[in-house]
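Below are two complexes that have chain A in common, paired first with chain B and then with chain C.
Right, the complex of A and B next:
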């Protein structure tokens, strides 16, 4: 059976602006199509391509219906390794597109029966997409994460039958430990707040993401701030300078920067700083 | 201190590969404009949710101990509903922390009190 005979679905990665006749000088859609043609996408052997939809262009790929139908997809994404492969493939296409043109990412596994259905869906949400494209053009997302190192485990409790301490010294110890823990926690939160305030000052929009669990961070630290910021493209140097200065001042916390990302967190309305 | 910046030395636009899986997942799973596809799988309905939870908030207990539990007020586990006022969140966390710690404290105290009582009874 040749690939054309295999029933396929249209997988949509992202939405960009279309190249109408008025923009013919730049031909953004063509440039986009050329730039994406070589990508493996989800590795289905079909090219990643662009699909015009009115003033918009969808970045799509044909995928076999047998591998991406409801049941197959459920199995696929329930498998940790396959989930990672798909997520990275999805991300790679979006990243490549966002280098070429303002790009609104769609969530993993946005699938349609055919191209016509994709066009219908984009038509329906045309205004949202155009608004989003306006908002993110000339901007990139940066991730800032703040961690608090986890202190050494508290000294082992003396058993209560041990006569080394009276009730009072034990109480004192409990109280001191609690106070220092509380103090450290408050300091950490304040430091994270200062980081957030400083970076918001450079951003056009900011958003909080879920803090990561211990499997991601490791036991040695706690994730206290996971934030995304939308910055104008020219402000990267300022961002790095601000973080360098924060790292110098805030010695109780670890600050990590990631990016630039395609504007995932700001495709729909983000909060203004 | 971890200097993540070193991994991305002033990256040229064509070379942006933030490889941290958690960061990629948290973005591709529920960010972007959501449009209803023809193939409907409820991402919250399947094992994926478990993976997600394990990855991001690993164990509710662990996270609670760390004072992080704001997602509990977010039924869809959607970052869209994320608290935007950091100060408000901090205030809430601090309040919860106080409540928890004073409870733990008083339990510890009463346990010690009981032991001390037993000892003085002898």
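Right, the complex of A and C next:
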């Protein structure tokens, strides 16, 4: 803990199940606490610790109110480098926790005025946390992204001798090119749907994330699918085999796999319709 | 998990091959990072932000409420992110993931 003179806030990284007396002799909450104690967390010099809240355990860290208060936080997260540092620090704690126990990740910068407020918040949403924990236990999130190359279509149009001579020929060519582009786009979307369907077949839950814009992907390709899937831990091999087969069949698209992630995209599983 | 648990096509050479220890060494100094494996830290920032920002309506923190009735922090982060993306290439395209 910090010296009491420095006002602090409670930063919450994640929520796990608590180690009540009904739990096994392994005392998962204690194991969790030990495993996290060495982490730097947000680098505030205070330990990452566990906070019991009924049947749940929050993974928290005291952060100075001066550095994480409303205005300071806004400034902090408006700075790109600092945003990245915080996001990676947040991710490191969540990843470490999820190795030790089923973990519901919370969004970046989930802050409470003190521990008691954290406990109240967890109590209020106890059922949905327990539901989410049941759902993600023994499972991991995988990300699948599908890209379509945006290069010029392989138009095998014969370069006729005086093609530019006739306006009509020109218009025909423009139209043909547009049609082939639209056709390719449709094909790409269908291919992405086939990928989604195949991976969904292995997953217990799926979620579409926002595809990235050209600023992220670069001009040479379009992001057509950004999806997250929740898979049982034993199915990684099947997933990889399915993707290998899809890559073989779907030659018009690029398929990228990332993971395993802590189940970020399925934390609200208990509350969404 | 081995290094092979992360794969991407073009970005692959840039960050998949880097062992976690290397990625961590290149990471901003968060203090003393313990040596044990924490999983993939060299994750592309966009993929990470997709998750750490967009995740979860499970809970709402005091501060988020304090800033506005809506989670303004998250909204402004999305705005920030898109403006960052307009100006700067994804960070790993030129210098690796970290």
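Annotations for the structure displayed:
Here, the second predicted complex is superposed on the first by the 251 of 273 C-alpha atoms of A that agree within 3 Å, B and C clash if a C-alpha of one lies under 4 Å from a C-alpha of the other, contacts with A are read in each partner's own complex, and residues count from 1 in each chain.
Quick note on the criterion: a contact is a pair of C-beta atoms (placed from the backbone, for glycine too) under 8 Å apart; a residue touches a chain by one contact, two chains touch by 3 or more.
Since we're looking at a predicted model, the values are computed, not measured.
For the composite obtained by superposing both complexes on chain A, the positions of chain B and chain C are in clash. Touch criterion met: A:218 reaches chain C, while chain B stays clear of it. When the shared chain is aligned, chain B and chain C each come close enough to touch A:106. Judged by the touch definition given at the top, the superposed model places A:265 against both chain B and chain C.
Of the two partner chains, chain C is the only one that A:45 touches; chain B does not reach it. Of the two partner chains placed by superposition, A:248 touches none, neither chain B nor chain C.
Touch criterion met: A:87 reaches chain B and chain C at once. Of the residues of chain A, those at positions 9, 12, 15, 68-70, 73-74, 77-78, 80, 83-84, 87-88, 90-91, 95, 99, 104-113, 117, 121-122, 125, 128-129, 132, 143, 209-210, 212-213, 215-216, 226, 236, 254, 256-261, 264-265, 267-268, 271 touch chain B in one of the two structures and chain C in the other. Taken in their complex, chain A has these residues touching chain B: 9, 12, 14-15, 68-70, 73-74, 77-78, 80, 83-84, 87-88, 90-91, 94-95, 99, 104-113, 117, 121-122, 124-125, 128-129, 132, 143, 160, 167, 170-171, 174-175, 178, 181-182, 185-186, 189-190, 192-193, 196, 206-216, 222-226, 236, 240, 243, 247, 254, 256-261, 264-265, 267-268, 271. Touching chain A in their complex are the following residues of chain C: 1, 5-11, 27-34, 38-41, 43, 45-64, 66-67, 73-74, 76-77, 80, 82, 84-86, 88-91, 93. Those residues of chain B that touch chain A in the shared complex are 1-2, 4-5, 8, 10-11, 13-14, 16-18, 20-41, 43, 46-48, 51, 53-59, 62-63, 66-68, 71, 79-80, 82-84, 86-87, 89-90, 93-94, 97-98, 101, 104-105, 108-109, 111-113, 115-116.
Chain A makes touch with chain C in their complex at residues 9, 12, 15, 38-43, 45, 68-70, 73-74, 77-78, 80-81, 83-85, 87-92, 95-96, 98-99, 104-113, 117, 121-122, 125, 128-129, 132, 143, 145, 147, 209-210, 212-213, 215-216, 218, 226, 228, 236, 254-261, 264-265, 267-268, 270-272.
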